[in-house]
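Each chain carries a letter (A, B and C) given by its place in the written order, and its residues are counted from 1.
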């Protein structure tokens, strides 16, 4: 995977500024996303990594303005895309961008594809809506798209229903639908989590090829640190609605700075570890998003914590000039496991 | 959950949410639902007034008569001929409508409770067993009990024809024998058919001979058929199928008409009305229970109970039953409303409650012909009583459904 | 690690078919889903045997059939040299005391209407004659063994997180001191950082209590971490069985090789250096397995013989078994 970020022009494609998303529930306000700031360049592949409840999916839905407004609320922030703040657009305008300039692929293709319409119909519909094509033209394009994503006998399968596809094929069909309008940004939210390992490899391979061919930016959201190692340029590590570390792939894996990221990487067994190695587990549980702790969100589970961490929340700061950012009071000390 | 003082990373010391039993949670949800609370208040008023009236306010409908004040409009003062204040007016026989409406509540409550109890208990048991044995194999004892009962039930027919009740025992034994034979011997299917057919026919003939040769013949043929049916122990799946098809048959009759037919067969009286309404409601609970059981028995905790080695009764009562209560409770609440309505319908037609028993539907039935002469009160108040009580139960039922089965949203 | 070499479980030519019935009123047996199609292996006392495979391979069915949660269609299962297939109901129930299971979904494997204490003491109710106080004591002991506060006895499952619920499931499985614990994808539903907690716990318990595990999973790196030996299944049949290190270093079956190459590696350098075998096509349906070798639809090495006859399951030395015409 080519690590150099393809820089077509220095202007970022997507610029997110202090995004905050909340949900109003009967238990209180759930602070799902707590002020994240980052940007993506055209053609860049970004991995957004974190466990359940970290806010990675919610932030993606916020970009697409797909958050259900009550009970959800985008409380703060700006999302600059193509010179427009997506959060300030009207419903009509955001609908023009959704599906055309930014496309999304979800985890469960069975519930994202409408079971009562054929796959071809759904792709054609998107094409007619966004590109004003006529049905015949759209069908041709749809068949080409299915072939592009590697579905054999593409023309025949246009008239198949989603349940007639296998899991991997459905996901490919979803990708075809997402690509139909040549988006500049493809957001993939855990697209392979529900798939078998060999099928997952196929899909990852496909997305890498498509990205190289079409040059679009890809945001790959997942909890699997293994997947992103081989396909992304940059990684955002999220925890409790915050970005706790951000940087190039190599920096994140080889020069890990944040204790959470270290813990995550340590809890993964590696395929060539020595026998008898114990996994390093992060004790405890993620914090309650309704009452976030005052200081660092990772305080309760961090083995390197000190008093300052309990009361003051660290913000993302530059660790080097290569774009490696980390939110920790002690990152400079270059802590290793067992040292306290 | 803001930690103020963590000694060490000893974080498995707290659970994630505060301790509240599931029922308490549901109760809180119910009380915060305004329409459900309105329903609850109406239901409580209804029950209290019915119970208190029955036990504290004497009323003998047979002696209640006062022609001098018949069809009096609602009054706020006493009038000539009567020392009572008729706030709801009087009916065609001069009886105080208010009093009759309140006492009628007791009858409606009784009908509702008894009818729903019959439907619920019988229907739920049938549904529970059907759902449970549809995919889980019956063990030897369960099979034995089933075949025994089956033999007894089917054997009742030739026994009745031949007027030889002892036959029932014989057929029961035949049913039981089928299970024992399968359990302990290896006789092939077709041989079993032959054996049982002959045994059944023989039994029919032998018992029939005591009456008449023709009876013997008929019973012999019946016995043959019964033999074929009992030859092989019925699998759980088949049992479930049969029960559900019988429920379908009952459901295919319009419920009011079926209830009327049953009451016509059984004779007049509120108790017969209860039986009829109860019977008609059985399939609803059977279906509900069965579908709830099917979904629960697929859950992993039932599989886990099997892995632990728990017996079928234990799984049924500890794991399945508590988890299917919610939809049944909701249905029972709505069913009460329905039962009151059905009782009123029967009463209106002159079936069910026997006059002069106060019953809202009967009151309607007696008085609607006086509507054209302007006696609206005799129709309005019983009608209102029906409407309000049914509405109350329905609102409560809706609220219960939301409280017991909330839709979780992210 | 495996202590004695004695065999605890022997699975011989196990088959489990699920009948498919069609028809409206009178259903007829039309075809079978061949979930497990002639599988044989052993589990040694004290070891962890990893069982991996993808959708439709039958690994979950194998685990459940060993426990007799499903009745085998044919074949034998011997537990401690006792043939389970012929046992009556009561005898089977007694055997269950010695073999327990941990389930995949921590949200569905605990009865939401029972307290944690009742859930854990259920096996004690069934298999022992302890009185109430003794059971309570045992439950508290079990809770602390799995790392939960013993005061949790009266709480309900919905008050706990996924990882905590899984610990309750483990406590339940250990309640009657079983010899064998079948772990049916116990960590797949958990977050990554919690997975490590649970796996460490399982390993610790194995050392302390001398348990034998059959670890069924699809996450190959985790299975490798915990197992002594591994079985790879595909569409109801065993493709390869070997010691842990052997199977990772010298995989003989093309499916095993493809599976290993597809496992994501959390290290960008190693990931870019390794050989990627991308399989074509989808996993066939177990209703319609291919003729010949089950893997022939996707195998990069498939030749004519692979479409005609099933490969034999052979021992190629050092306890390494493969079923492939082109291996060994």
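The criterion applied here is as follows: a contact is a pair of C-beta atoms (placed from the backbone, for glycine too) under 8 Å apart; a residue touches a chain by one contact, two chains touch by 3 or more.
Since we're looking at a predicted model, the values are computed, not measured.
Just to note, of B-C and A-C, the chains joined by more C-beta pairs in contact are A-C. The innermost chain, defined by the distance from its C-alpha mean to the mean of all protein C-alpha atoms, is C. Note on chain placement: the centre of chain A and the centre of chain B lie 53 Å apart, centres being C-alpha means. With centres taken as mean Cα positions, chain C sits 45 Å from chain B. Rounded to whole angstrom units, the spacing between the C-alpha centres of chain A and chain C is 32.
Among all residues of chain A, those that touch two or more other chains are 283, 285. Residue positions of chain B touching 2 or more other chains: 12, 16. For chain C, residues touching at least two other chains, in rising order: 161. The touching residues of chain C, when paired with chain A in their complex, are 54-55, 161, 163, 191-197, 199-200, 203, 218, 220-222, 224-225, 244-245, 248, 258-272, 276, 278-279, 282-283.
Against chain B, in their complex, chain C makes its touches with residues 64, 67, 69, 89, 92-93, 96-97, 100-101, 103-105, 108-114, 122-123, 126-127, 147-149, 152, 154-156, 158-161, 164, 169, 172.
Those residues of chain A lying in contact with chain C across their complex are 1, 3, 51-52, 166-169, 196-202, 205, 223-227, 229-230, 249-250, 253-254, 263-273, 275, 277-283, 285-286. Every residue of chain B that touches chain C in the complex is listed here, in rising order: 12-22, 139-140, 299-301, 303-311, 314, 318-319, 322-323.
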